[in-house]
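Only one structure is covered here, and it is reproduced in the block below.
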Amino acid sequence: MSNLDLSIKIGSLELSNPILLASGTVGYGNEISEFIDLNKVGGIITKSISLKPRKGNKPQRIFETPAGMLNAIGLANVGLEEFISQKIPFLEKFDVPIICNIAASTLEEYVECVRALENFEKIKAFEINVSCPNVKEGGLQFGNDIRMVAKITENVRLSTKKTLIIKLSPNVSNISDFAKVCKENGADAVSAINTLVGSAFDINSRKPKLSNVFGGLSGPAIKPIAIAKVFEIHRAVDIPIIGVGGIMNWQDVIEFIIAGASAVQIGTLNFIDPTASISILEGIKNYFVNKNLTSINQLKGSYILDNGN
Amino acid sequence: MSNLDLSIKIGSLELSNPILLASGTVGYGNEISEFIDLNKVGGIITKSISLKPRKGNKPQRIFETPAGMLNAIGLANVGLEEFISQKIPFLEKFDVPIICNIAASTLEEYVECVRALENFEKIKAFEINVSCPNVKEGGLQFGNDIRMVAKITENVRLSTKKTLIIKLSPNVSNISDFAKVCKENGADAVSAINTLVGSAFDINSRKPKLSNVFGGLSGPAIKPIAIAKVFEIHRAVDIPIIGVGGIMNWQDVIEFIIAGASAVQIGTLNFIDPTASISILEGIKNYFVNKNLTSINQLKGSYILDNGN
Amino acid sequence: MLITNSVVVEFLEIQKGIFLQKLKSPEIAEKIKPGQFLNIKVSEGYYPLLRRPFSVCDVEDDLIHIMFAVYGEGTKILANKKIGETVNILGPLGNGFNIDDDYDLAVFLAGGLGAAPFPYLTRKLNNNKEIISFVGGRSNKEVIKYQFPNLLIATEDGSEGFKGNVVQLFENEIKKFLDKKIKVFACGPNGMLKSVSNLIKRFNEEGKNLTCEVSTESAMACGFGICQGCPIQDSHDPNRYLLVCKDGPVFNVNDIEL
Amino acid sequence: MLITNSVVVEFLEIQKGIFLQKLKSPEIAEKIKPGQFLNIKVSEGYYPLLRRPFSVCDVEDDLIHIMFAVYGEGTKILANKKIGETVNILGPLGNGFNIDDDYDLAVFLAGGLGAAPFPYLTRKLNNNKEIISFVGGRSNKEVIKYQFPNLLIATEDGSEGFKGNVVQLFENEIKKFLDKKIKVFACGPNGMLKSVSNLIKRFNEEGKNLTCEVSTESAMACGFGICQGCPIQDSHDPNRYLLVCKDGPVFNVNDIEL
């Protein structure tokens, strides 16, 4: 199958393949570039950037759970200024699209960040994090408030010509309604899902395992939830979906695409095997060849449902 | 510690210990009674009963996921009439409180079921399932609609003097608001959590793994989410909480109690080890003795949080 | 029903990729009947979370034999068990084959790992009546011949025996015996069981005298009737499912809709 | 940084409950320095999901040694590995001890499993300068003596050596040497490291000449700087955390707030 083409276009964002590295799981690319050729992945999504640097939460920030992990990093990041002066120059060395993930506590802050980054050629898209559960202001409150998500989308859309992706919170009962307002307000795509709110306590000290009490649950434990959310959105709204949550191997990626995803993000898996994105890409290619498929669109949302029940 | 007393009272419901067997995971007690002495558990919650028998969903109803499982039983149950004629007489042989879990597609049906069962002395409490994700009418729609939950609670309350427990859906962003309306409308307690909505697809057939497409995710994978929900409710609302979700051992039970639960339910674990509830009870007793605790209330909600962050 | 930790006492690869594991459990060995099954927890941790069902393949004093191939994580862990390691067994589960003498000729029909329950069944039939076995697979590598009496083989690729499926072979061969009272025991994929069922019904409509018991499969969580995870359509009541784990896994073919 | 599947070549219980595992990895053995660590995936499945960090204990040709006790699921699985089985190693990670010759006397301070990095450090110091080791534990069962030169022991229950904690013992004993230029290498629970740190600061405020490097611990997800899961307060900048995995695990005690 010499005509296999895994490329995909989302808004003006052109990806050579659907494998993206998820926000917060590869920093700004430096460390993981020692393990893999970054030019081979479809794209890199930066750790959430905020207007000012954020120190993040006190330790303990990480706790392992059955087939998953809780994190309460608290959006620790270098801030807009250092991102521009230090991180973009590094990323410019690679021939791979950069998607800049942005977190903020106010509507204005989102807009300001996007404006400040709009003229950097290297950045091909914005992913707006309205759904991080680990900070007190902003974060989750936004992600679960549909009018706020609409407003953020609308305002950020006015400030950028780049591809605009809204990263949705899974901690809602009607995620497709959120996807719908994103579309209506000009988003090019949605990412589903961010982490689920979780917690854990130590039975001897009675203290929370995380200093922040709450953390975000990620990893294979949440994959069935992520698949359901992607499917729900796909059924209800005509907008490209970037699937994320619990991907551990190429089979999981195929499952997300069948459920409706145009592209996917590898998150927690990068911590366990930083080379996984590359081997997953190989697995996907083999699947496509074996199934006589030549493009992502042939597989995307191609689930087969029985009629009735 | 001869004065160890694990009993707990929820409304008028008196439990000798906090270990309940969760709805849908022990049928009506028959099969599991071959493994354990049912008199030893704190209580048994029946499979959801509906007014009419329900056949349930077509196969496949079960799919295993990382550290969890999806089920789409579809509330298969014998219906009110056979429950009264066949199941209550069997349960009467045991000296253990029975909590009757009720599912319905309309407000009226809930009320009708409760009325029909109100005079059975053996039934000590009702657990109202407003949150089962596996049926098309009723079920999830109710559980995610706060006004509906309020209305169901209010109406069922008027129909019963027994302890009234509302089983909450975790597929919402603000579970403590739901707990609050339950309390305001007369519920004696809430159970948290029911299963999370999940799905899975076969990458060869492209069909959903479950005939119903969606299923409910249970098992250790969801424990961090359940702990967070119990904690959220405990912090915000003064109502007894029955913790459920992913309990696999006595340590998990202690964690739920620390997070705010007055009692807990063992679910999926019954499938793997039907004797687990009894060994868990032993583990709990040892913990209480080792920690010089003599009652559940000393441990309940006894989490220690740092001030500020 | 019992729950026991059982030691792996012997472990054979009876043919390429097909394993026979002998597990020590005097209590279960004493009680279990052909066609019943065990629900096995292959590891202590949460992965895999659920037990895995396996037919009893044979019983030898206080040893229970199971036969399996590697499909996924569960059977992979099982195949890596060393002698002396343990697995946790819940059993005996379900209803086994109905062993009466009310027939002249016993027919075994097996597809793939459906071969598993027959060694023990053969031993227990124990009545000097004739048995003919039909076993099928895609190729001769997939045909499990282990301990089948009077074996006839069907392979879809024709690499051994009859070229075609095992039900076709059975249909061809059984014609000579249709004057006898025949009891068919079948185990294999549901598709195969369905065509057996159709064939038996046709023969009986033509006035022949066949009874047929099929051992069915289903995804399972508990294996003993508490999860409702393993429904199979009751042929006598459209509003009712039976449970494979509790009402089966062996059913008279007339009682279920395959 | 490399990722390799490494075979368990040798496995010793050096004292009750304390294991020494020798893993074959020529590439990592060649590169790794004392105080650096490995992040090990103990099983193939999802349980446990994350890697587990272990200090390099020693290097012997192409073998890396790790020392551990069983705490939870990860170390339990590791302790059950048989010779010939593999684990997946990511390493070498972090910054090791700063090995210069700028001191007269080296002091080792270890609490519990904090003993792990010292055999390799001892070998690499390799400069004929004097070393004194202080090792502590709750009781003598918990004191790991493995390969410590000039060993002085503290136990909290007084079952061996000095009764009290290892930092008190160090404080008592070091007084005779405070005219020398001392370099302290410490590894153990953060509480112990904190009291070492306080003591060193006090001595230096009193005009003594001690430097101190501490090997810290933290919960970790990745081990190489991409998850931000392992913060430790930067003592020079209140608005900044350092990362234990990448900026440490060994720090000069002046650079962090313990």
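Here are a few things to note about the model shown:
Note that the chains are named A, B, C and D in the order they appear, and that numbering of residues resets to 1 at the start of each chain.
The criterion applied here is as follows: a contact is a pair of C-beta atoms (placed from the backbone, for glycine too) under 8 Å apart; a residue touches a chain by one contact, two chains touch by 3 or more.
All values reported here derive from a predicted model rather than from experimental measurement.
The minimum number of touch steps separating chain A from chain D is 1.
Distance between chain B and chain D, defined via averaged C-alpha coordinates, is recorded as 46 Å. Computed from the mean C-alpha positions, the centre of chain C lies at a distance of 56 Å from the centre of chain D.
Centre-to-centre separation of chain B and chain C, using mean CA positions: 36 Å. In chain D, the residues that reach two or more other chains under the touch definition are 46-47. Chain contacts: chain A has residues 57-58, 66-68, 219-220, 248 touching two or more partner chains.
Taken pairwise by the contact criterion, the protein chains are fully connected, each one touching every other. Of all residues in chain D, only 1, 3, 41, 46-51, 90, 218-232, 239-241, 246 touch chain A in the complex they form.
Per the touch definition, chain D reaches chain C in the complex via residues 45-47, 73. Looking at the complex, you find that chain A touches chain C at residues 66-67. Across the interface of their complex, chain B is touched by residues 57-58, 65-68, 70, 136, 140, 144, 169, 171-174, 196-201, 203, 205-208, 211-215, 217, 219-225, 227-228, 231, 246, 248, 251, 254-255, 258-259, 287, 302-306, 309 of chain A. Of all residues in chain A, only 24-27, 30-32, 34-35, 47, 53, 55-64, 66-69, 71, 73, 76, 219-220, 248, 268, 270-275 touch chain D in the complex they form.
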